[in-house]
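First the structure, then my questions, so here it is.
Should a chain be cited, it is by its letter among A, B, C and D, assigned in written order, with residues numbered from 1 in that chain.
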């Protein structure tokens, strides 16, 4: 479904300094339909940049990105609403996703206002349908974003993305600002809906445990490069590269083994 | 650091060029011919066409536009603005004579108001929502609201007319300085106090203040080495900008107290549409701005280590 | 950080109450802010007095009566005395307020509108457009506003219209810089990015997200600058280069009064009090509005 | 020896919406050389508790109950007394190292100040000692004069830890010491903290939301929820035989344990449910749970839980 071939992205490091900083260096991978793929990396590894290139917020310097066989780089097609519908993104900070001055209802109507010509009642009916799917109800529509908790907002932003029935969802650290108990709620919800609707999801995360739980295949990224790529259980149980081993070893599980790991 | 200075100098140069062109071009879009009115005033009769053209060629008011722009630019960057249309004196000489009188006012006011405002502002921030803070806040709001020209007249009524303590006009003796400087200081202290207080309060709510308290450091030390040290940057920036306000204030104050500075000179020139003087003034103000901005920027680099150690 | 925890708890709770009794909370917050509340009352009174000036005086502010020259306050039935042409000072102050207040509100509105449009455009388009606009701003900033006004009035001649223009030439800059920085920070916010990924067009983003989010802050900034606009107008008029006689205006009244300063100080004192008092009211109100507004705006607009 | 003991401690804030009980009826203690970890999610009151020990909360806060440091009731201590204790006897490592360090002060200077204040050292010896401590916490020798913004995230956190170690206090409070760090850096920081607690026999009061970090660092653990301690016990007891449904839920929700969610959301502190604060999210809630709040039940001498399941 998604194919990323030899993509490189460089940024200018500052306005005066013409030196380029390579955020993503010659990265290739693909995602099949209905699959979930995880990109794991520490901060500054360039993992978020990949997501932003796929959704066309950044343009890569080299390489190609194909969705259903169509190259989306420097293609007029990407300007159309049709394209914009098929890739959607879930952001890290659920409290920033909604315009703070708008009631949730207005924010939820926005995608329909942009993409469809339905009547208001039809739109509302659909919105309520999606709200129920993510476990929320009508009453949340009359609130302002600051009146809702992070978990509720992340559910809402998931619903808003689902409304457009996208082919690919990019989830950029979708739960890193949520509490553990709420994180589990949101992620199990996503897993459930993914199976029900046969969604394709690209997870971008720093949390290895999370990636293992959520992804069929993962790629480990370091300094702009993919270090290792493979089925998630294989990568975890049998890591080949040093960096992957180091990452796995650095995880502290909630049991007594953490004590031994950190013993001096 | 070097890059910053070079960048600033380039922008400064741009400002000077544009300022000079602006002041030059304005002559051409301005309605009416100054030659006519000046000659009329000199002779008391309507001037003849010959007189006007002679006056214009003598004062470089005619000729080809582009050659004149070039000529003007050369003159402007030598700070030679020709002679006053009115008195016939060289503009620059008069400026230099008067500049000192104005600088005395602005520099002394700056020297008095800055430490005072900083002390009041810091103390108000330290005692937020206590009586001192409320009083200083209200006083500074009042200080900001009193028009400087009226304050000058008001002081005159009290100290010259009623109490007969100070001379209303004049220049030279120490007593002459008191009222103009008070007038200039009031607004300056008021606005600077507000800036200092606001910046201090912002810095006092930062996390590192809690760290400092958590380390058991003394209140005074936290106030000075943490909050005030970090407020210095914004304060210096404001001080640089406020020099312009002071110059503008000087224009008004000089008019009120008949102070022989450049401000009064400008107002007279505006009345009589004495263009070389107005043009010269524009250039001098722009020069001041460029120099002061450069100084502020350099100071800022020394104040803020985040800029000092920026890579690249 | 502690504040964060404390607010974190507070805001969740405040919000539930907020949605239920929005209006009453708003009103309570408004009356609780004493400075804002009192200054608003004074401001309303001031505007009322100036707009309905004929209710308070039956004198014509421009009627010259040389027999009643230079009356002291209270003398011969004149409340605040008369000026050098025998015009009633009280009437002139009330009618002069129309000029001063009206003009300053106009200036603030025009400046805010220009600044909002220019700043938002510059920030959103970025690149060369932004560069050019910011250089223009850099250059204009080189001149203190009163001095540039003098320059313009000096070249084009003294009149109310030229005064108005001269205060706009520099006045919009503050608003433009503020809207620009607001938009620049908004642009980086997630909800703008997420709107883009939903397929929102740039124009739609400007009108539905950016301007509504920038506008309140600009409004507050404008409210805080009415006072300084009154001061600028009266300063230039005082120098004889703004509002021209016989139109009553506080600054030009003081300019007329200057020559009588030693013998008839009432002519100086009363218009000055009118300026100082109204500027004070607007300044306090501006401060109050800023405090009343959300903390976000408070951070951006410093004093 | 008992270092810190809280008895029926309550902390509440005045806010627009009324009283907010951030900490409610909390009993805990820390003995010499012991690591106590408070685990809690957003709004559980764990940070407030840490700040209460330091008495660093804003002015709209009220306390009830007792909080002893050795034999001194901290709640009744004056600001002056606290100033002497903070940094010297009670040290804290703040959250978010970038904002918790003064941007205009080098990290060494931070330590030098604390040493001068509390140890009465002169500049030279304070500077030497500061360098020593910084190097000990793993900051490269050539970077000890750096400013916070010049350091990497991990080193910044180390600098903040060094600041907490400066005066060799018996107790160290660490508020989310690994928040926002990458896993590999997090591991280093946790190791550093363990080294400190093992080598220096220091008691630590650690606040975190991360179960793994807690497991690595704790001798005993307290689970906080809505301002209450729902369960407390040794690490072994908490992780190998958790009792409270919330504790069990938290562990099961961890990504390494299969992401089994707890239903619902944490209650708002102004609008707490009747009875047990956790009952709206609890699968085992009975009518009794909804009526009244359970007292603390002792499961073992160290393992205590606030749940009716333990009473029946």
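The definition used in the following text is that a contact is a pair of C-beta atoms (placed from the backbone, for glycine too) under 8 Å apart; a residue touches a chain by one contact, two chains touch by 3 or more.
Everything quoted here is computed from the prediction, not taken from an experiment.
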item: Central chain (by mean CA position); value: C
item: Between B-C and A-C, the pair joined by more C-beta contacts; value: B-C
item: Chain centre separation in whole Å, for chain C relative to chain A (CA means); value: 47
item: Distance from the mean Cα position of chain C to that of chain B, given in whole angstrom; value: 22
item: Chain centre separation in whole Å, for chain D relative to chain A (CA means); value: 32
item: Set of chain A residues in contact with two or more other chains; value: 149
item: Sites on chain C at which at least two other chains make contact; value: 1-3, 12, 16
item: Two or more partner chains touched - positions in chain B; value: 207, 210
item: Of all residues in chain B, those that touch chain C in their complex; value: 11, 14-15, 18-19, 23, 26-27, 30-32, 141-142, 144-150, 153-154, 156-157, 160-161, 168, 191, 194-195, 197-199, 202, 205, 207, 210, 234, 244-245, 247-248, 251-252, 255-256, 266-267, 269-271, 273, 275, 278, 281-282, 285-286, 289-290
item: Of chain B, residues touching chain D in the complex; value: 206-208, 210-219, 221, 225-226, 229-230, 232, 303-306, 309
item: Of chain A, residues touching chain D in the complex; value: 42-43, 149-152, 179-185, 187-188, 206-210, 212-213, 246-247, 249-259, 261-264
item: For the chain D and chain B complex, residues of the former touching the latter; value: 54, 56, 82-88, 91-92, 94-96, 99-106, 110, 113-114, 117-118, 147, 149-150, 160, 163, 166
item: Residues of chain C defined as touching chain A within the complex; value: 11-12, 15-16, 18-19, 189-191, 193-200, 204, 209, 212-213
